[in-house]
Amino acid sequence: MRRAAALALAVAAAASGAGCGREARLFHRVPGGTPRPTLAPAATAGEAAGPYDANAWALSQGKTLYGWYNCNGCHAHGGGGMGPPLIDAEWRYGSRPEQIFETIAKGRPQGMPAFGGRIPEDQIWMLVAYVRSMSGHVRHDAAPGRSDAAHTMEPELLREPVPWRDAGASP
Amino acid sequence: MSGDARAPALPGEEEERARLERALDPGPGLRGWLRSVSHRDVGRRYVATAFVFFALAGAAAAAMRAQLLFADNDWIGPDLYNQLFTMHGTTMMFLFAVPVMEGLAVYLVPLMLGTRNVAFPRLNAFGYYTFALAGIVLWTAFALDVGPDTGWFSYPPLAGPEFSPGKRVDFWAQLVTLTEVAALVAAVEIVATTFRQRAPGMSLDRIPLFVWAMLVTSFMVVFAMPAVMLASTYLALDRLVGTHFFNPVEGGEALLYQHLFWFFGHPEVYIIFVPALGIVSSIVSAFARRPVFGYPAMVLSLIATGFVSFGLWVHHMFATGLPELGESFFTAASLLIALPTGVQIFCWIATLWTGRLVFATPLLYVIGFVATFVLGGLTGVLQASVPIDTQVHDTFFVVAHLHYTLVGGAVFPLLGGIHFWFPKLTGRMASERLGKLGFALVFAGFHLTFFPMHQLGLAGMPRRVYTYAPDSGFEPLNQLAGAGAAVLALGVLVFAGNLLWSARRGRVAGPDPWGAETLEWSAPSPPPRYGFLHPPVVFGRDGLWEREAGSAVVTGLRSEPESGTYEVLLTNLVDARPELRADLPGPSIFPFLTAVSLVGTLVASVFTPWAPVFGGVPIFLSLLGWPVRTPPAPVVLREGEVPDVRPAPARAAP
Amino acid sequence: MKRAARAALALALAGCGRPAALDPAGPQAARIADLWWLSFAVVAAVYAAVLVALALAVARGRRARRESAGDGPPAPRPPDPARTRRIALVIGAASAASAAVLLVLLVASVRTGRAIARAEREHPLVVEVTGRQWWWSVRYADGRASEWFETANEIHLPVGRSIRLALSAGDVIHGFWVPALHGKRDLIPGRANELFLRVERPGTYVGRCAEFCGHQHAKMQILVVAEAPEAFEAWRARQRGPAREPRNEAERRGREVFLSSSCPLCHAIRGTSAGGQAGPDLTHLASRARIAGNWLPNAPGHLAGWVLDSQAVKPGNRMPPNLLPGPDVQALLAYLRSLE
């Protein structure tokens, strides 16, 4: 009987997908500190993962912040406009997490403002993770679902990884 | 012994008994445990497993009470607290309250009807495994930080994809579906068994009140459960594949969920409560030494309660701004449902009034039930009014009300019923002293915990808050409730300790230690796997009180150990004339395998929409095994024993 | 200071004496309280009657048991037909009486509901309340569009005037509940709900969010300040205006700190370039009795703690910690406290 219970628990544990990393609600974040260590391997093999790529709550926060900080103004919901699209394969300034972080924090030529002093570092990492999820490059069990808004695309958790072409992709 | 334990043995009984035992013997070890389809085993497991979940949910409640002892307390943060109250509510409602009643029914209804098993024994076993595995998955998820945290009813948009990231709510949704499957299975069993497998002579107006209660409950389950499966499935689809059922911007509606959920949710509390009404009837008749007063009124009240409970659901939504006229209809219905329950209370009081009372623990729980449930029902009458409800909805007043009705109305009768049927289940008597002590602690602790909450709600304390402001003035009453919770917990421990100890060391009980009237008391304590060797024939409503020892029994039902089957007698729906002999299947591992496949499929569907497609394969394959009837394991003969080599008798004409 | 004290007093008194729902400050809550007391009296009488009947039944049953022979359970006794008829009549009468009682409650409830539903419809003052995780956005959109203004968490109302609260939700379902004034109403995304009320007694009334809305549901409080019409108009005139200009070096420096940090991305201060919409409007922050969703008093220590690490006060709320150097914090505080 006891063996059966232990076996059942093990199966259930495996089936629950080891939620710890994915489900943690990271409230007390170190302001301006170093990014948290990687919580799980990246969705796409051979790729570096950002610190929040596997945390569902942080990805969801990133999606909310993307709207609050009006990234839509230039990038729309990833389709681009005044700014380049974020859901396609081209990464002008690199697709690695640190490179995306720099893009947001320090700005880039041709119009990307520097948000470094404005958006806390922790939140920039959340935006980095969210931006990567827009082209399907985070774990699908952590990626955001649809938002309660009008829709033009499938939600992030259903997006297949777009093969990135950029100088920054890991070999 | 024959179907009537008091009767002398009939010729050929030893042989028949041995054959039945072998037909139902699942085999040794873990595999044997998993193969059993005896209603006795399944029912006992339901009850035991449900009480394990009760203890877990109670622990969650204790943690919440501790956190709320002091204003602005920070022992438990908001995230864990949200998970705790969600797990408490979800477990109590889906994993304890309904399954424990189902389990009692599965155990008792065939015995009360004088038959050998439920109508579909393998389906029954499947239902239990589905429920047990679902509960294990949920609590494992909680342990792994992926337990649900949006309340036991989990409203979108909060529980939707944007505001509840991760997989927590998805596990909740799958749990709901799985427990609904188990409940539907049990309901189907009860209805089929009650309609067709009654003892000869047990016409509809002679069915015990407990069986009537379970019959009404089962119909309620059939009509209510699909609504919540829809609600949780729509929520799961919104989250996993991006549908818009509850997205107002794309044509969905947040209130749709509430309607679907509460169309189930209100009957659900009656699904929990109506079986308890049946338990109370059983206890009252046994301990007042007379049949319950007003049998037709009792039956009609049960049926009326079942019907009217489907017309109340909007009273959970009085704060959402629905049209006034519509709300008035639900006020009227919510007031109306008090009447049939009131009639039942009056009939019980009349029974006690004209009876000769034996003050054993079960009767104490019934008295506690009346004192507690009626108060809860009356606060329900208060809340039926829309203006009053707009003040107390979603506050601790409702928490008080729901506990008064569910604990007072269902748990007290359940605890009394466990004491009452304990000798039947285990063959031993529970300690009366400990039983009475447990009752006193539970009763006092309950009222001390929940009565102050009425005041807290009126004073402004909402539900589901992990703390409250120091200047709110809520602290003293919360501390009182915390003290009460400690007493209540102690009472539950005494209750459980009593039963665990008495199951080993209690005084041995005969078949009918209380001198009660229903047929289960004519079977041995505990009954063998096959229930009745010779099912009894019934001549009146009052069961054993109208039968003399040695009255007519049914003989000639075959059993075939070689193919693992045995017969039951099917009788006519209205007046229970014998009609057919039907084969029931013996032990099998396939119900367990199907349950594992189903649970596995639904858990996998949390992560990918392909799961139902691929998961359908093992489910289908395991279902293929259900009609297979395997012979039982060979009997090992002891030294000098002569094997039974006579051929099985030819099947008699029906 | 006076505001804070009044708010503190209101909050403290909320605990003792009459519970808030039964201490009405306006006609809506008063009607509900009246209905409550009537219904309570009725159900209390019913409960007492049931308990008395139960006690009598138990007493009689005990006596009957003692009078029967033997130690074991007495033999079951079939009921006596004449007695059965009498009892059936009693039960019938009791059921009829119950039905009558329920009818009375139904009529009282429907009448109260109708009276409340029809009240305060004449030229109400409109206040738009939007529930967000985990604060209240309040907009006074009366009169000319140039006079509209936004504030947060603290609602001022003129005594004796009809009010219409237009309730909407910015994210999930919230519940607006000030028990001293009226029953609660949910704020549901995609639905426009409303609450009509009037306040008769000046004072400060506490309310809370009444529909579970996530991590900080517990600390999402409402403060309603009901004041004489002249005082209300004076308050409204002040709120309409832009933020006060800094009066000294510290406040000027504070404004610089505010505008150059992350604050403007979420918060708005009218009259400056800060126009964020994600968080509460801070234009007249210093005029409010409390901060942080009315959870903390609006005092320098609390304000500093909130700005530096709001997560320690309300874990999970949407405002990130802000690591600012000491002198900057002092300057920022000076500026924020100048925003009367």
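The letters A, B and C name the chains in turn, as written, and every chain counts its residues from 1.
By our rule, a contact is a pair of C-beta atoms (placed from the backbone, for glycine too) under 8 Å apart; a residue touches a chain by one contact, two chains touch by 3 or more.
Being a predicted model, the structure only gives us computed values, none of them experimental.
Engineer: Hey, which pair has more contacts between C-betas, A-B or A-C?
Structural biologist: The comparison resolves to A-B.
Engineer: With centres defined from CA atoms, tell me which chain sits nearest the overall protein centre.
Structural biologist: Measuring from the global C-alpha mean, the nearest chain centre belongs to B.
Engineer: Distance-wise, how many Å sit between the C-alpha centres of chain A and chain C, to the nearest whole number?
Structural biologist: Each chain's C-alpha centroid was found; their separation is 37 Å.
Engineer: Could you state the distance in Å from the CA-based centre of chain A to that of chain B?
Structural biologist: Between these chains, centre-to-centre, one finds 45 Å.
Engineer: Name the residues of chain B that each touch 2 or more other chains.
Structural biologist: 77, 79, 157, 162-163, 248-249
Engineer: Enumerate the residues of chain A that touch no fewer than two other chains.
Structural biologist: Those would be 25, 27, 64, 148.
Engineer: Could you pull out the residues of chain C that touch at least 2 other chains?
Structural biologist: Counting only residues that touch two or more other chains, chain C contributes 171, 189, 215, 315-316.
Engineer: State the interface residues of chain C toward chain A in the complex, per the touch definition above.
Structural biologist: For this pair, the touching residues of chain C are 171, 189, 215, 260-262, 264-266, 276-278, 309, 311-312, 315-316, 318, 320-323.
Engineer: For chain B, which residues are in contact with chain C within the complex?
Structural biologist: On the chain B side, the touching residues are 77-79, 82, 150-151, 155, 157-158, 162-163, 248-249, 253-255, 287-291, 293-294, 297, 319-321, 324, 327-328, 331-332, 335-336, 338-339, 342-343, 345-347, 349-350, 352-359, 367, 370-371, 374-375, 378-379, 381-382, 384-395, 455, 458-469, 471-476, 514-515, 517, 542, 545.
Engineer: Okay, in this complex, where on chain B does chain A touch?
Structural biologist: Touch list, chain B to chain A: 30, 33-34, 77, 79, 133, 136-137, 140-141, 144-146, 157, 160-163, 165-168, 171, 238-242, 244, 247-250, 600, 603-604, 606-608.
Engineer: How about chain A: which of its residues touch chain B in the complex?
Structural biologist: Listed in rising order, the residues of chain A that touch chain B are 1, 3-4, 8-9, 11-13, 15-20, 22-25, 27, 56-57, 59-60, 63-64, 140-142, 144-151, 154-155, 157-158.
Engineer: Could you list, by residue number, the parts of chain C that touch chain B in their complex?
Structural biologist: The touching residues are 8, 11-16, 19-22, 29, 31-32, 35-36, 39-40, 43, 46-47, 50-51, 53-54, 56-58, 60-62, 64-65, 67-68, 72-79, 83-84, 87-88, 90-91, 94-95, 98-99, 102, 105-106, 108-110, 112-114, 116-117, 133, 171-173, 175, 177, 179, 182-186, 188-191, 193-194, 206-219, 221, 295, 315-316.
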